[in-house]
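Have a look at this one before I ask anything.
Order as written gives the chain letters A, B and C; numbering starts at 1 within each chain.
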C-alpha cells in the first residue's frame, strides 16, 4: 500500500486574516517534499492544520484515504502523521530514554519500558546520543534536543513526517546525522515534508518543492523548475529576502537529488 | 549501597508504623495516636496533591474541596439515611429485603423541630433497630461524589492554563464553602454536621474489645488508607500513566503530537486524586465526629500545599513524609511562650513560620527538602559508581559509549 | 419567589436554546465558508435571547457578523432574564421599588469603582511580569489594617488621608521587596515552570502575611471610623434634592448612599486620575507601558526591565492596599478579609481580559453592578449575602466558556 497524504482546499482564517486560502496538494510514498515560503506564508499554520492542532475552517485532509482533519492531534499521530516543532520540544525533565518511551507506550506498542528499551537504545545509537541516555532532556544542547525529537519520531514510526526547521541552529557535525536520519526514513518508503529556510539543504534533499506565499500555493514542482518560476522569485525578492544568502540563485540547475 | 538506602528506610518506616500503637508505652497514649491519625490524613492529601501538581502539572487549589465533598456526602448519609427494621410511616422510605431505607427530613439547626424518624420512634413497638449505612458503602459513595466532581472540574479546566486553573479551583472551593455555610437547613451551616464514630458499636480485634472512641482501630484504618493511597499513587506514577502525565506536564502539545491522549490523562489524574481526597474526608469526618465548612478555608489548602512542597512535589512518598513531619511540627510548636513579658500566641505564629518556610523552600530548594535529599543521595551514588568503574577499567570514557 | 417554576423554566429554555444556537450557527457559517470566529458566541446569544425565532433566520441568512450582531443579542439575553425575574417575583423589592433599584445601582457603581481600582493592580502586575499574584487580597487587608492602626491607635486625630498615604507606602515597599527577593528567578529561566512557581510563591506570601497580621494584631474584627462626618444639611429646605445625615446621603428622596463608601469611591477616582497621569505623562509610566507592550524592544531602548518589574509589582500591591485603606471605614476588618476581594479581582481581570488595564476597570464596574444586583435582588437576604463570592464565579465560568480572552482581551 502506498502512503498518501491529500489536502483538499484547506482554508483557515484568524480573525479577519485569511492565513490559508484554499490549499490543495497530494503527497505520495517515499517522497521528500520541501515546503518553503517567506515568513508569514502560512507554513506553520499548515503544519498545525495537518497535525490536528488547529481545525481548518473548511477543507479535507486525508491520510492513506482516512479523513484526519476532524481528529485530535493524538489521533492524527496514531493514524500515522508525526511532526517536530519549530522550537524544540524535548521533555526537559525526563531522561532521554523516557523521552523515547512516551511515543512507544502511547502507541500501545509497549506496556512497560522494558519492552521498548532495545528499540530506544538502537535509535539513540543511530543518532549518536546514546551516551546521554540517562541525562535529563534539559541537559542536552539545542542540536542534541533536535536529534532527540527526531528519535521520538522514529519510535512513533508514522507514515508521514513533517519536520519544521530541523536544521536551525544545528552544529554541522550533527547535520550529517540528520541527513542520515532522513535517508533512513525515506528508505523505508515514508513521506517527509521538510520545512526549512536553509535552501541548500532543501535543494540537496528534496525531489519536489511546494512554495507558499500569503496562504496561496504559488508553485509545486521539481526544484530546478520551481526556482526559476517568476512568481517564486517575486515572492522572495519582493520581500527583501536575500536570495544569494538563501542559495536560491547561486545553486546550480542540476543540484537536486 | 547508598542507592538502596531510601528503600530500606521506607520498609523500616512501614514496619515502625505498623507496630507503633502496640509497642508504644509512653504517656498520653490517646493524644499521641490522635497526632498520628491526623498526620496520616494530611499525608494522604499531600501525596495525592503531589501527584496532581507535581506529576500532572495541574496546580489545583480545590483539593480540600474534594475532601469536604467526600466528608459531607458521608455526613449527609449518616444524618439523613437510616436503615430500619420497621417502617416509619412518616418518612420517605424504600423497602429493602425486609428492612427499610429511611430518608429523614432535615430540620437544620432548630432544636424544637421533630423529624419524621423521631415521630416514628414515639409510636414504634419495642425492639425496632435502626442503623446507619455500612461504612464501606458511605466511603464508596463519598469517593464517588468526590470523583464525580473531580471529573466535572477536570473537564471544565481542561483547556485552561496554569493561572486560570488555579483561579478557577480557588473559586470552586470558595463557592462550596459559601453553599455549605448558607444551606443551613441541610448542612447545619457553621454549626457543623455531626458524624457517628467509625465503629459506632466498638470493635473486637483479636479478642480485644475496643470502644467506639478508642484510637487504635482508627489508627489502623487511617494507616491502611494511607498505605493503600501510597501504593496506588506509586504504581500510577511508575506506570505509563505516570510517564504520560510527566510528558504532558513538560509539554502538552508535544505529548499530544506523539500520540498521548492528554485530555484523558488529565481527567484521569483529577478523578483519581479527587477520589482519594474524598475517601480521606469520609474517614476523617467519622473520626473527628463533626464536619464544618471551616475545613474549606484556604489555610487548610495552604497547609497541604506547604507540606507537599516542603516534602518534594515530584515524589509522592517525599510529600507524604513531609506532611507527617510538618503535621507533628505544627503540633509541637503549639505551646505559647512568654517573651519580654508578652505572651506569644504560637497557634498563629507557627503558621507565619510555615508560610515563610514554604516561600524559602520554593525559592532555594526547588525539589523540596526530602525529595531534594534523596536526589542528592542518588547523585552521590552515581558519582561513586562512576569512580568505581573508572578504577576498574584502565581505559577511560571512550569504551562506555558502546 | 412567587413563581419560581416559571423563572427556572425560562432559564432552562435560555440555556437549551443557547446551546443549540451555538452549535447550529457555527455549523451554518462553517458550511457556507464564512468567518466562524464569532459565529458560536453570536449563536449562543441569539438562541438564548430569542429561541428558534431568531435562530432560524440567522441559520438561513447567515449575515456578516458586525459589531451590532456581536453585542445586541446579549442585551436581549439580559432583558429576557430581567423580564423573567420581574414576572416571576413581582413582590420583590428590586422589582416594586424604583428607589431601592436606583440606590442599588448607585451603590454598585461606587463599589465597582473601588473593585476596579484593586483589579487594576492585579492587571498591572500581569501586564508587566506575566503572573497572577495570589497575595493581592492580603495587600488589600494590610492597607486597611494600617489605616485602622494609624487612625485609631497610633496617631488619633490626624488626618486619615495621611494614614492612607502610609498604607500605600507600606504596601508598595513590601510588594517591591518581595518581588526582588522571590520573583527574580522567573525572569532568567532559573525555575523550570515560572508560572507555577509564581502561583505557589505568592500564595505562600499570602499565607505568611495573613498570619503575620493575625499574630501582630490578633484575630478580632476591627473597624475604623469614617474619614469624615457630614454635617446635617438639606437643600432645598424640604430636602427634595439632597439630604445629608452623619452616615448617609439621600439624593432626590430616592437614592441612598452611605458616606464612607462614597468617600472611598471619591478617593479611588482621585487615585485613578493620579495613576493615569503617572502612566501617560511621566517617563516612568511611559517606560512601564513600553515594557508591557514589548519587553525586548523596551530593553533595547535602555529601560531596565528589572526596575520596571519591581515598580510594577510594588504599584500593583499599592493599588490593592489603597482599595483596602479606603474601604476599612466601611466594613469591619479581619486578617482573613482579603480572600473574597482577591477572588473578585481575579474574576474581574479575567472578565476584562488578562492584562488589559481599561478592561480591568470596566470589569470592576460590571462586577460592582452584578454584586449589587445579586445581593439586593435574591429573595432570601441572608442567603444572598452568603453567596457573595458565587456571583463572580458564575460570571467567571460563563466568560471562560464563551470568551476565554475576556471582554476586552487582545487575541492571543
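Simple rule for what comes next: a contact is a pair of C-beta atoms (placed from the backbone, for glycine too) under 8 Å apart; a residue touches a chain by one contact, two chains touch by 3 or more.
All values derive from a computational prediction rather than experimental measurement.
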Of all other chains, the one whose Cα centre sits farthest from chain C: A
Chain pair with more C-beta contacts, B-C versus A-B: B-C
Chain A-chain B separation of Cα centroids, rounded to whole Å: 46
Computed distance of Cα centres, chain C from chain B, in Å: 34
Multi-partner residues of chain C (at least 2 other chains): 192
Residues within chain A bordering two or more other chains: 92-93
Residues of chain C defined as touching chain A within the complex: 30, 33, 35-37, 192, 411
Sites on chain A touched by chain C in the complex: 11, 13-16, 57-58, 92-93, 138
Chain A - residues contacting chain B, complex: 51, 53, 72-74, 77-78, 82-83, 85, 89-94, 98, 101-103, 105-107, 111-112, 130-131, 137, 152, 156
For the chain B and chain C complex, residues of the former touching the latter: 53, 57, 59, 61, 156, 159-164, 166-168, 170-172, 174-175, 178-179, 181-182, 297-299, 302, 305-306, 309, 344-345, 348-349, 351-352, 354-356, 358-359, 362-363, 366
Residues on chain C engaged by chain B in the complex (per definition of touch): 131-132, 134, 181-182, 185, 191-193, 195-197, 199-201, 203-212, 214-215, 219, 336, 339-340, 343, 346-347, 350, 354, 382-383, 386-390, 392-393, 396-397, 400, 404
